[in-house]
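A, B, C and D are the chain letters, set down in written order, and residue numbers restart from 1 in every chain.
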Amino acid sequence: MDYQGVLEEIARDVAPLIGSGEPAAYIPALADVDPKRFGMAVADLDGNVYGVGDWRTPFSAQSITKVFTLALVLAHGGDSVWEHVGREPSGNPFNSLVQLEYENGIPRNPFINAGALVVTDRLQTWTGDASSELLEFLRRESGNPELAFNAEVAGSESEHGDRNAALAHFMASYGNIANPVPALLDHYFWQCSIETSCADLALAARFLARHGLLADGSRLLTRSEAKQVNAVMLTCGTYDAAGEFAYRVGLPGKSGVGGGIVAVVPGQCTLCVWSPGLDERGNSVAGVAALDRFTTLTGLSVF
Amino acid sequence: MDYQGVLEEIARDVAPLIGSGEPAAYIPALADVDPKRFGMAVADLDGNVYGVGDWRTPFSAQSITKVFTLALVLAHGGDSVWEHVGREPSGNPFNSLVQLEYENGIPRNPFINAGALVVTDRLQTWTGDASSELLEFLRRESGNPELAFNAEVAGSESEHGDRNAALAHFMASYGNIANPVPALLDHYFWQCSIETSCADLALAARFLARHGLLADGSRLLTRSEAKQVNAVMLTCGTYDAAGEFAYRVGLPGKSGVGGGIVAVVPGQCTLCVWSPGLDERGNSVAGVAALDRFTTLTGLSVF
Amino acid sequence: MDYQGVLEEIARDVAPLIGSGEPAAYIPALADVDPKRFGMAVADLDGNVYGVGDWRTPFSAQSITKVFTLALVLAHGGDSVWEHVGREPSGNPFNSLVQLEYENGIPRNPFINAGALVVTDRLQTWTGDASSELLEFLRRESGNPELAFNAEVAGSESEHGDRNAALAHFMASYGNIANPVPALLDHYFWQCSIETSCADLALAARFLARHGLLADGSRLLTRSEAKQVNAVMLTCGTYDAAGEFAYRVGLPGKSGVGGGIVAVVPGQCTLCVWSPGLDERGNSVAGVAALDRFTTLTGLSVF
Amino acid sequence: MDYQGVLEEIARDVAPLIGSGEPAAYIPALADVDPKRFGMAVADLDGNVYGVGDWRTPFSAQSITKVFTLALVLAHGGDSVWEHVGREPSGNPFNSLVQLEYENGIPRNPFINAGALVVTDRLQTWTGDASSELLEFLRRESGNPELAFNAEVAGSESEHGDRNAALAHFMASYGNIANPVPALLDHYFWQCSIETSCADLALAARFLARHGLLADGSRLLTRSEAKQVNAVMLTCGTYDAAGEFAYRVGLPGKSGVGGGIVAVVPGQCTLCVWSPGLDERGNSVAGVAALDRFTTLTGLSVF
């Protein structure tokens, strides 16, 4: 498939949308990003990468890292993670806390903040250093040894971290957090702060299109586990807009408030798009439009 | 593909599960069904049907009809239905009412009861006779002119219909129901009561695998609309277990408390399985297992 | 005590507030009332009545009738009503439905709409004609045989009654409503429509200040039951502002969206104030201020 | 009034209930208390104290201290505290977190944990040492200089403090906590740990019966403020059983999970009862019964 041609057509098509929406404003490091940036990359199964726009510019990966943390936990502990977190969409953001209470401290899925804290807690328990483990994995799979934490972002997240602290303590009150809350929060915020480009993330996510195989051909996840992570991405990957995303794009995807979105065409390729302007549900306006366009142009939706 | 061979293998594999779970008990007509029944059918794009077990035995379609009602409303009114109902998973059953209140009478999706009432209200407004419209459609697409309402089931539903009446009046208080509530409830209960076999439903759902084309080659939905219905089925089709269903089965599916489940492999085939024993979330135990087995044996998951 | 003097001082003090707030707007019969009306009456234990302003003008009693319906049910069935309804404040209006669901169809207290529907259902079961029973009681205790239902108001309530219908059906789904929902709603709306003056209500409520004794000296409630009704009024009588009302006024009270409020000084007197402008929680602005002033001037708060 | 005689009659009457219910079990220091203890004291306006049973035995005051903290904050900052906390009953415990979210981090009232954390935060801001301020106040008003914190209890509370930490961080995320969360929690847990007897608490609460005047005749609260604290106690003082407590006892009261309850007869006397066995809503079984008996025997209910 002529990915390069498709990407260039998409870039032209979504140009009017670039700058729409609002960059995340809760920390200065995100609020100050130029809202006019746009990049998109596709990686095929063999590791060829195609790109357009700012596809090699690093941005704050934020919640996109939750996919990789989940995969690492599955690789270390298999199904046991599902004793600590569910696999169901979360309804809406308003419910996050009441659902935690109703369900005795078990978050609905690994991609809401509460769930990602639990998954990070698992990775911390399995490895002793959850954030380094994640960084090493991303460097290895992207082939980019320069990937790094952004200390300013991690610090800002921590300063504005009362809500995540509340979630972590609340789950700890149900016995669903094993590590000390302050250390767990640190690892969580460091993970969110990692800076990557579209190219880096499209490459790093390839194991999801390769049914669990890493870049070097070794296996991270079983075929079944890879399929399952894709299913969780499709049903839970874009905050309270998972249904809308499935409806419009029809691919497993995971977004972050930095404006990035990773998507997977199982057996075919992985994509990453980035543009900082977010819609009211926290997903990149131009990013969702670009993925929508991609599935329309290529017919590569899963539906 | 050797669908017949696959079905027979599945029937052997899930035999130990047949009779597990509990048939729906809220109305006698459902509670009295023999829990040992099991049938499964596959229809390919050309209308060839393969089956195993009780695949020609009629059962109560119940909520499976919600897929067809939605498709008919899209065919009549296009996108306008989405002003009255959302496309997001509903979180959990406990929240149904509070979410309705929080979201000003707009149900989360067309497949929870509140949403199906709104969709039926739309069909009633477009056609003047929502339940007959649905019955005619199912007869035509299944090629089975003997499909019929079950008056006893419809009557029982009505007698136990206080909760649906509550939902309808509640949405009416927000102006989101156009027809008189008692008439709307009648149409809703008649729809649920339709009796169909696995073969009937696999055939009737074919337009979802055929990108919107009906049995006679005419178009019910655009390619994009068909894809969208599949997306809503995948994210919202199995009550509060949509995430779990996507995780295990990985196909768009819609279940009913009669023990049936319809599933779609876009571009390939449609399936219907039936066994009355339900798990605690209202989905057929043997049915989900059979679909899980199907995707494992054939590799036909969307992920 | 010089009630007449106190009332006149209050009328002067609250004059600037008369017309503040907004009359209830959900039905025309209430929306059209002159917002400049203000009346207040005090009845002592012997049935002497003092008044100021529009104290003899009939207005729509609305939810104030809930106190009398509760008293009649206690008189007929004693404690058994508490198997159907609780005695706890309801938190806030947003929660009404989720609380009903959480508590299996048992409303929090007799003064929220759900609770009043249950109490009316009880009275209907005990008497066969709940609304007439209430009207007769009010006529007898007020000594005013001209008290009557307002058919226009009852009709309007019914037309805008979807939310109450939703509550009634929802409780019926839990088995907590014994009578047919449509008939129950009729009685409920007729009760709300009764027109009374401040003088009428102050007189009719006297049994609450007289420890259960009616105007003719016969006993409606035991001393303990009368005390208990007062307690429920104090903790639950003014919608979501019961805490605020206790804080400011410090008397058992029950308000209605017609702009009336009845209050009780146990062992001393009863009061009724009326002014149609409501605050955002549905209580008369000038009415609450007048009662606040009354307790300040007389020292007659219960605290 | 013959308080001594009344107390002795009560002690006989409630003897069969002593030992009913279960002592609080979440920390060892409370779980290990002998469930057969019972004491009750009455203090009149002049400081004469009458008692029965274990009325001079210290027990863990726990949430009863919330009344005194509130009074101290009102004394320091007047009405400003109500910008940070409401005055409405909280509905039910299930709602605590969702209500906080719904109401943007403003707790419903000063006597639920979230509200008491806010009030302690205020006292900390006004005084720089909230827990010492409270201890000094209780020593002075009880005339018992030996009152002290219990370090073991405070430590245990802290170890089991994840839920309170969650509440505090959650409110901090809304800007409704001014002090660092860990320090605030320490002061909060130290306050809860103070050990007092029935005699101590009955004496210390006297300003609430004396319309705001302290033991030495100086004024802590205005007459109006004292009345208001009593109103908040009546509507919110006994967890989710405030309606029930008002219904049965009819006095302003505040309970603690140590098994104590303080109650006020405005203008007359204060009471404190203690027995460790709690009902399912966290109030002393024998304690509530004893207060119920007190109002029945003396007629001193506010209703």
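What to note about this one:
Keep this in mind: contacts are C-beta pairs under 8 Å (C-beta built on N, C-alpha and C of every residue); 3 or more make two chains touch, one makes a residue touch a chain.
Here the structure is a predicted model, which means the values were calculated and not measured.
Note on connectivity: the fewest steps through touching chains from chain A to chain C is 2. Among the remaining chains, the Cα-based centre furthest from that of chain C is the centre of A. The mean-CA centres of chain A and chain D are about 48 angstrom from one another, to the nearest whole unit.
Inter-chain centre distance (chain B to chain D, centres taken as mean C-alpha positions): 55 Å. The distance from the centre of chain C to the centre of chain D, each centre being the mean of the chain's C-alpha atoms, comes to 32 Å.
The set of chain D residues that touch two or more partner chains comprises 94-95. Contact between chains, as defined at the top, is found for A-B, A-D, B-C, C-D. On the chain A side of its complex with chain D, the touching residues are 94-95, 97-98, 100-102, 162-163, 165-170, 172-173, 181.
If you check the complex, the residues on chain A that touch chain B are 86-92, 94-95, 99, 102-103, 108-109, 224, 226-228, 230-232, 234-236, 240-244, 246-247, 250, 252, 266, 296, 301-303.
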